[in-house]
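Below are two complexes that have chain A in common, paired first with chain B and then with chain C.
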Partner chain A sequence: MIRVKIKSWTASFRYPTFQSGYQPTLPVPPLSTIQGILSAARGEVVSFTEIPFVGYVFKSGGRGVDLERIYALGKTETDVIKREVLFDNTLYLYLPDEWENYFRRPRYQLLLGRSSDMATVESVEKVKLEEKTNVPVGGTIVPATSGLPGLVHALPVEFDYSTIPRRARMARPFTVLPFPRNNAQRKRQTYGGKLLYDSEINIGVWIYEGLHGKV
Partner chain B sequence: MKFAVGMVLIDAPHSALNMLGIDESLPERTVTRVKRLRKGGLSYPYVSPQAWRYWWRKTLSEHFGWTLSPLFREEKQVFTAANPIVFPDDDVFGYMRAFKKGNVNITVTRMSPLKNTPLISLFPDRSSITADEGYASRHEGDPVPYTQEFYSTVLKGAFSLDLDAVGRFTMVDKAGFKNLLNVGEIPKSLSEVKSEYEALISKAKEIKAEISEKELIMPKEIRKKRASETIKALRYIFGGAKQTQYLTDITPKFIIMAMFDGGINPFISDIVYEERGEIKFDSEALISRILEFNDILNPKKLFIGKDKGFMRGWEDELKKVRDSLDKNGIKVVIASVGDAIEKFAKEIEAYYG
Partner chain C sequence: MSGVNLTREQSEKRTQSGSLFYWTGHPFVDAGLVAILLIAGKKKPEDLTVEDVEKAISFAAELYATKEWSTKYIHGMIFPNSGILMANPSMGKKRSPTSIAENLQSIFEELKSSDNDSPTCVLCGRRPAYSKKDIYLSVFPLLGTGGVPNFFHSANLRGADICAHCVFLAQFMPLISYRLSRVLVIHAYPYELMLELSKEALEDIKKSKLASQARGFRRPENFLFHLVGEVTRKMESSEFWENASVTLYYFICNNQNQILDLIHIPTPVLRFVAYANYIDPMGWKRIVAMGWRVLPDENDFDKFERERRNVVYSRLLNNESILSYFYNSKERKVNTNWNLLAFYCQEVLGLDEKILEFVKDVGDRIVETIGMLPDHKLDDEVRSLERAEKLYQFEAFFIRIEKLRQNLGIDKPLMTFDEFARILMAYGEDVSISWKTVKNLLLFRIYEKLHDRLMKSAELDKIEEFGADESEYSIYGGGNE
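On to the complex of A and B.
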């Protein structure tokens, strides 16, 4: 498999339950954001059904709050809302080898969220991950059924782009696991089962295989 | 696919270009604060990406005579005209016009070919921000105290312009790709929209745009003009809050630009960084980033603009970049900021033929 290292100065991932007012960001991207990045790289909408496996780890250096003027539907005056953004981010994608070409020459600009969250590919490497048991997971989302403790959210897996506006094709409950910052968190987020382990980043990688309809 | 990408440094020796307002979470409610991003124990001042875009759009209007798309309201909604044929800013900056009447949904969206990051301070707040205590007073009555923060720093920003997308509008039924409607699909009941579109299409025919079922491509002269002026505007860009009191020149003092056959911007990394109160330029980082993507660097040129008075010590580092990339067949043009931008704009024009 390959590991694509993507970096960005800012990132933002829509928090599902907030509709207006304060817009927090999820600490890690949902799968639908990964679908968007893969689609931008390939130049056409990608579905996870056609990808044998995909995994990701996201790390963020910090965060901040931005103000944004919005024009709300059905309201004449403008509003200023607060939007949270993540700062200095790295996303590692674990993909089948054939994706190397797309990430060496992405068809569209890669974004980690909105259009200002421009990202760049720092490297594409072939990696061999070892399978291990009892490893910490983080910087990703795992199915709520994994038994790992964390914030559970119903998150979109994929979007259907054939309708305007796009619609979530499927949403499932996931446990959101930020990248562990200390040993206590690593311990808490340790998964008992078998998992691929990236020794360079020192984290277990949750791999989604044949995702569609099975999550 | 072809992307014109770059990185800028903006010198802000005493500035408050984009403010947060009063932070209600603090006990003192008289402090107007600057926006900050936090990282570890440090915070970094920044300017919103949309603020930079707003200055950029304004500069295109005032320096290059662009007629900006009007904002108008329909049934309490606000949008731009969403007419990229007539209004160049709708083309370059994108739009969304959500339109629904009864059961008919005729929403158009255009992803912005021009994307930009926020402008982020290289110095953390503890070595860049000052709180200025002020009094509003006219020698009559009691003076009113207030406090406002401002910073002395250098801001970094990056941008990317999708040259293929400029002047090219798709009419595909896919979210983000329905830039224009097909006249045929607009129901008769929406006669206003229909006549608006008939005018739009006849205008496109008049200027000899290429029109097919799925896309509309503007004549190359127009695409060339819009794309190159977008980049040229950086040379004249002006705007920002508190200019009366701080008068910050927001034109870049340092700029790196190149064209790539892929949607990457290798300059979004730590080519320029702060170390013990000094701003450093890492020539090795820049060289390795360019070589990493050498296969999609096209033409094999890198444009670097630097203001003579800005970071005098960087000249040697820049020479290193030039010598090292030259060995790999990459030409490095080092010039003043204005010249570098003009030369880069010429390359953009050459792309459209």
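On to the complex of A and C.
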């Protein structure tokens, strides 16, 4: 498999329904954002059904709140909202080898959220991750049924872009697990089952493979 | 390879879903489900019957039709201009329990239909979006308004894709919300926990017909931490919080204002607060009390807890250390015992157990040394540790203690060179903790062991140094790290 390292100055991942007045950001991207990044890299809409497996780990340096002016469609008046933004971000994507070419020369601009959250590919490496039990997970989302404690929220898995507006193809309750900051958090976010472990980043990688051919 | 097969999970759920309702993970939808379950006196969505739902509808409709609920609460804070709940002030004349119940009933009926042409619900992903109404914030709080369609995907003029199931449940959310200066929804997982933390809201409504004011608490985090203590003491165990996920949604949604604070309580913090309430409730109270600018006396604690922002709570929520609140440096006494301190260090700060034991041991050796000094000298030494604000001052303290041991003729050295290096690095790679963590631990141990003597010498000092500049003492006023 390959590991793609993507960096950005800013990122913002909206909750599905908090969109008026204040837009908080999820601490890590949902799967639908990953779908967007994969699609941008390849230059056409992709579905997880075509991808045998995918995993990701996201880290950010901090967060803050920004003011954003919204130009209402078809109107002259504007609206100002507060938006929470993540800074100094790194996203690691774990993908099948054939994705290397797409990320070496992405077709469209990669984004970690809005059109202004531009991201660049820093490296694409072949990696071999070892399978381990009892490893900490973080910087990703896991199904709420995993039993790991964190922020539980309903999130879209992927969108169908064949219509306007796009439509959710699947949504589930997930547990959002930020990248652990200390040993205590690592301990709390330790998963008892088997997981691939990235020893360079020192974190377990939750791999989604059940989506292949099924959504 | 590993991971969980989401689709398998989904199809299993589908086969079980003869049930009317299911958990979604969305705080407002789950809250509505909690309300219906609590009204029915049940714990699982699959146990709910149509009669339970009808009971909930008439319970809600009765309340929502009153002026207190409709214009002030529902319209003013949650669902502005709601047509479903008839909270729009212009609907005052037509508003009645029957008409609200009819509206709710008609959405409930939609659960049976399966309009496959509709997009899938963005929250539960199981049902087609509700199409009889455009879904904006009057139907589902904190969504955008129809006036600014760019809040929605591709400027969807129909608002958000949310299904009848999720819209229906969200209408019951006010029944388990707490009304502080904004609306508080406590979202928790596993869901039994959410039932437990929300039931007071419904009980209050049953008593007063008014939304629960959370016993006059004005800050959501204070209320939650208070509940954690109560639940733990009632359960007589802190295990309840083992893998608990708790997030507070503190919002207001009306025509002028849409604000949301999203407060996630880290699980290590939950576990620690529960454990503290379980093994040393009085000590925990003393620690919390130091989080206010003015230390409350015994009678004021409850009042402060209800009304004032507490630094201990906010530091816990921001992953900042509260070690210095474990002792009162002004009175040179500890607020709790070493056990609770150790639990905090391991569970929240992630300190290694061995390191902790080692620091405790060094603390005991320091106590052994300075304990042999006359009162005023003892006071000098402790003061030099208290005042160490720079690393070199901290190091100098150990060198002085080492010299003292030699002068006092104590056999063993305070520590070896390796141990010295270790104590300066005991906090490992985590730079958010620092040598000040070790300093706090040592001071805790010293106060714990030598409080009586330290206070005696402080009394002496007061007499000797009478007239000295008061401000010199103010730097000991506890709380700062």
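Going forward, the second predicted complex is superposed on the first by the 202 of 215 C-alpha atoms of A that agree within 3 Å, B and C clash if a C-alpha of one lies under 4 Å from a C-alpha of the other, contacts with A are read in each partner's own complex, and residues count from 1 in each chain.
The definition used in the following text is that a residue touches a chain if its C-beta (ideal position, glycine included) is under 8 Å from a C-beta of that chain, and two chains touch if they have at least 3 such contacts.
A quick note: this is a predicted structure, and the numbers were derived from the prediction, not measured.
Colleague: Identify whether chain B and chain C fit side by side or clash on chain A in the overlaid structures.
Modeller: Superposition check on chain A shows chain B and chain C fit without a clash.
Colleague: Taking the superposition as given, does A:I207 touch the first partner, chain B, the second, chain C, both, or neither?
Modeller: A:I207 contacts chain C only, not chain B.
Colleague: Let me test your reading of the model: by the given contact rule, A:R166 touches which partner, first (chain B), second (chain C), both or neither?
Modeller: both
Colleague: Chain B or chain C: which reaches more residues on chain A?
Modeller: Tallying touched residues of chain A, the top partner is C.
Colleague: Put down the vertex angle at chain A formed with chain B and chain C, C-alpha centres only, nearest 10°.
Modeller: 110
Colleague: Return first, second, both or neither, reflecting whether A:K187 touches chain B, chain C, both chains, or no partner chain.
Modeller: It touches chain C, and chain B stays clear.
Colleague: Quick check on the superposed pair: does A:M118 touch chain B, chain C, both, or neither? Answer first, second, both or neither.
Modeller: first
Colleague: Touch test for A:S146: chain B only (first), chain C only (second), both, or neither?
Modeller: Second partner only, chain C.
Colleague: Regarding the shared-chain residue A:L155, is it in contact with chain B (first), chain C (second), both, or neither?
Modeller: A:L155 contacts chain C only, not chain B.
Colleague: Does the superposition put A:G62 against chain B (first), chain C (second), both, or neither?
Modeller: Once the two structures are laid over each other on A, A:G62 reaches chain B alone.
Colleague: On the combined arrangement from the superposition, state the nearest Cα-Cα distance between chain B and chain C in Å.
Modeller: 5
Colleague: Where on chain A do chain B and chain C both make contact?
Modeller: Shared contact residues on chain A: 71, 73, 75, 163-166.
Colleague: Per the contact definition, I'd like the list of chain A residues that touch chain C in the complex.
Modeller: Interface residues on the chain A side: 16-22, 24, 53, 55, 70-73, 75, 79, 131, 142-157, 163-175, 181-188, 193-196, 206-211, 214-215.
Colleague: Under the definition above, what is the set of chain A residues touching chain B in their complex?
Modeller: Touch list, chain A to chain B: 7-10, 40-41, 43, 45, 61-69, 71, 73-76, 78, 85, 87-88, 104-111, 115-123, 159, 161-166.
Colleague: Which of the residues in chain B end up touching chain A in this complex?
Modeller: Going by the criterion above, the answer is residues 1, 3, 20-21, 35-40, 43-44, 46, 48-50, 73, 76-79, 94, 98, 105, 107, 109, 111-112, 115-118, 120, 158-160, 162, 173-176, 178, 261-269, 292-293, 295-296.
Colleague: Quick check: in the complex, which residue numbers of chain C touch chain A?
Modeller: It comes out as residues 1-10, 23-29, 119-125, 137, 140, 142-145, 147-156, 160-162, 187, 189, 243-245, 247, 253, 257-260, 262, 264, 266-268, 319, 346-352, 428, 430, 432-433.
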